[in-house]
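Two complexes follow with chain A in common, the first pairing it with chain B and the second with chain C.
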Partner chain A sequence: MLTVRGLKKSYGSKVAVDGVSFEIGKSEVFAILGPNGAGKTTTLKCVLGLRRPDSGEIKLAGSFSYLPEEKNLYPYLRVKDTVDLFERIGKNFKREKAISSLEKYGIDPKLKVSELSHGMKTLTYLSLVLAEDVDLYVLDEPTWGLDPLARSDVLNALRSLTYEGKSVLYTSHILSEVEKVADRILIMKAGKAIIQGYLDDVKASYKLVVSERELDGYLLKRTKKELIYLVRVDRIPEGVEVRDASFEEIFEAIVRGERDVA
Partner chain B sequence: MWRKELKDLRTRTLVFLFLFVGTFIFLVVMKDYTRSLSELLETAPKGLLERFGMTEEFIEKLGDWNFYVTTQWYGKNLGQFIPLFAIIVAFPLVAREVENQTIELLLARLSRKTVFFTKFSAPLIAFSIVTVAMVLLPLPVTAFLKETLDAGTVGKYLVTHLVGGILWYCVTFFFSILSSDQVRPLIISLALLGGTTTLGIVRRLSFLNTFAYVMKGDPTFPQTLGYVLMSALIVGLSYRIFLEKDF
Partner chain C sequence: MWFRIDFHSSKPIYEQIKEGIKLLVLSGKLREGEFLPSIRSLAEDLGVNLNTVARAYRELVMEGVLEVRRGEGYVVANTKREVLQSFLEDALRNVLKDCKTAGISEERVIEIVREVYGGEGGC
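The block that comes next holds the complex of A and B.
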């Protein structure tokens, strides 16, 4: 569905994306994770053609829809006018699906977009994007600012897209939801792809190691007596205490870690 | 997207339309008071009004409908507003979408080419319709008042108003593409209009004075062609930039 190879993008002297590669297959949910400024949004925008990569190759086979990080619709339009706009410019837009989704979330089509709360605006934008019948949904922080019920509902909707043969590429800061819906993940830091793979494989590939000396791994915590590292299972030294690592610990260790390559 | 663009334009266009029509009605009403200017001329300090072109002869000529409409409507009120109208229509076209981050909504669904040409064309058509309507407005009024107005002169003003207005529309649209906020293209275009008009006072640089071109109503071929080519060049450059720009 989507192949990205050696993607690089700089803004002046600042390198935003540095040689990132990944692939997304059909019926797959692929999540890009990383701290603020890691290059997630720039990666998405390069994939969509909103920003021109400095180098690299992007192959997108099929149609896509996009939910940006800032859920900005036209504030002076009413929700129903926005639906009309999507009907005219959207990709294979299913009006009935959008209307039924808006009804489900209790959004009055007569309201102006400027009268919607942040969460309602996100749900409106999501309803419109998910009503486009495309092959790949590119969603930048789709659940940010939503209440737990709405978030759960959106995650179910994303998951169900894959049952229809659709693919999803999305970014998130919320690790628990990534664990819930993502098939594969890519963790980015300072523009680089640090780890990627199937979520279960990633979780199985790392363990927490408690040691009194420095190890070849990502330092997660430092106590008075011990150092706690996240270490690849094939690099765990003998004679150390080993614990299972949660996904949150893996992410935190990689993002805050004192080295970049595991 | 055409409908959205026209909806975006509605307020600005209607404000200018009412302003133009209101000014023209005011001018028509004021024509009967031109005679009182002669009395003013007698009471005013000698030479003061002449310095501003208000000679006895000029005031007498104002009694003639053709002269009155030509000098006061095309050569003053409408002519002065046309470049400003073009700038006001064009300045937010792309910059507002970038500032409000709604450009992503459009570019994720439409090709850059479609977005560019719709954003450029829809307001340009609205601008041209209003301009043509305002230039032709005196014709039916002339017929209604049973006066005479030289159609050839109206035709010449139609050319200068459209060519001069479209040039400033293109210039402002160019800055709207370059800018990520709405204020900058407005300020730069107004400054450029003021700057080129001032420089145009110098005889050798008179081609820069677009105000004079618009209000004089004498579309010489080289100047008209120069402005048309300049507009085309700016549109071409704007298109190239729009295709390559990061959003």
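The block that comes next holds the complex of A and C.
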């Protein structure tokens, strides 16, 4: 569906994306995670051709639609006029799908975009982007500003796209949400991919180790007497206390960690 | 078909699905030769991704718990109960290790086992 190899992009002397590679299969939800400024949005923009990569290879087989990070629609247009606009410029826009999605979220088509709350604006934009019948949906922070119920509806909507053979590439800050919906993840830090794979495999690959001395691993925290490390399951030393690691702990330890891994 | 999936558990979701299905077979709610829901239908019921259910089914086929009927779907195979039970035994072993570390005596553990099984060690 999508293959990215060795993607690099700098803005002036600032390296935004530094050699990122990943691929997304059919019917997959792929999430890019990472702290602010990690290079997530730039990666999406390169995939979409909105930024020209300095080097690397991007192969996208199929059509796509895109939800940008800034959910800017024309503020003076009514929601229904915005639907008309998307229908005119869209490639394969399903009007009924957009209308029924707006109805589900309780958005009055007669309202002007400027009268919508942040969450409502996100839901409106998302309804329009998901109404495009395409192969890959590229969504930058699709649940930004949503309440828990709306967020859950959106996650279900993303998942049902994959039931129809569509793929989703999206970015998020919210780990608990990613755990619910992503097949594969890529964690970025300072432009680099520091970890990636099937979420289930990532979870199974690490344990927490409670140790009194320093050892080889990502330090999660230190107490007065102990050090708590995140360690790959195949590198756990003998005779230490081992505990399960949550995805949040894996993320925190690796993103905070000073060591980088390939 | 439904059982609860804990998305925030450190146990992979496909593992949770495999264990859920094994428990349904062990409790007799799923019988030998019976069809499982399609991958899509179970994914919808549990609120998980297609690939995750597909992986669980694939591994259950490898373990001999399920069989593929071409063009029809997955059915419960004739599996030894011990194979289905082994994940529970592993869990029990881990709890027992914790009990040992916590200083609970073997006699006490056996007492609890008798209590649960209701008498003279029969099962």
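Throughout what follows, the second predicted complex is superposed on the first by the 261 of 262 C-alpha atoms of A that agree within 3 Å, B and C clash if a C-alpha of one lies under 4 Å from a C-alpha of the other, contacts with A are read in each partner's own complex, and residues count from 1 in each chain.
Rule of thumb we're sticking to: contacts are C-beta pairs under 8 Å (C-beta built on N, C-alpha and C of every residue); 3 or more make two chains touch, one makes a residue touch a chain.
Note that the structure is predicted; figures quoted are calculated from it, not measured.
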item	value
Superposed partners chain B and chain C on chain A - clash or fit	fit
Partner chain(s) touched by A:Arg159 [first = chain B, second = chain C, both, neither]	second
Which superposed partner A:Glu212 touches (first chain B, second chain C, both, neither)	neither
Spatial angle chain C-chain A-chain B, Cα centroids [nearest 10 degrees]	160
Which superposed partner A:Glu238 touches (first chain B, second chain C, both, neither)	neither
Which superposed partner A:Lys203 touches (first chain B, second chain C, both, neither)	second
Which superposed partner A:Tyr66 touches (first chain B, second chain C, both, neither)	first
Least C-alpha distance (whole Å) that remains between chain C and chain B when both complexes are overlaid	27
Common interface positions of chain A, toward chain B and toward chain C	none
Touching residues (chain side chain A, partner chain B) in the complex	45, 48-52, 64-66, 68, 70, 72-75, 77, 85, 88-91
Of all residues in chain A, those that touch chain C in their complex	27-29, 156, 159, 162-163, 176, 179-181, 183, 199-201, 203-204, 244-248
Contact set on chain B toward chain A in their complex	1, 3-4, 100-102, 104-110, 244, 246-247
Chain A-touching residues of chain C, taken from the complex the two chains share	7-8, 10-15, 40, 43-44, 47-52, 55
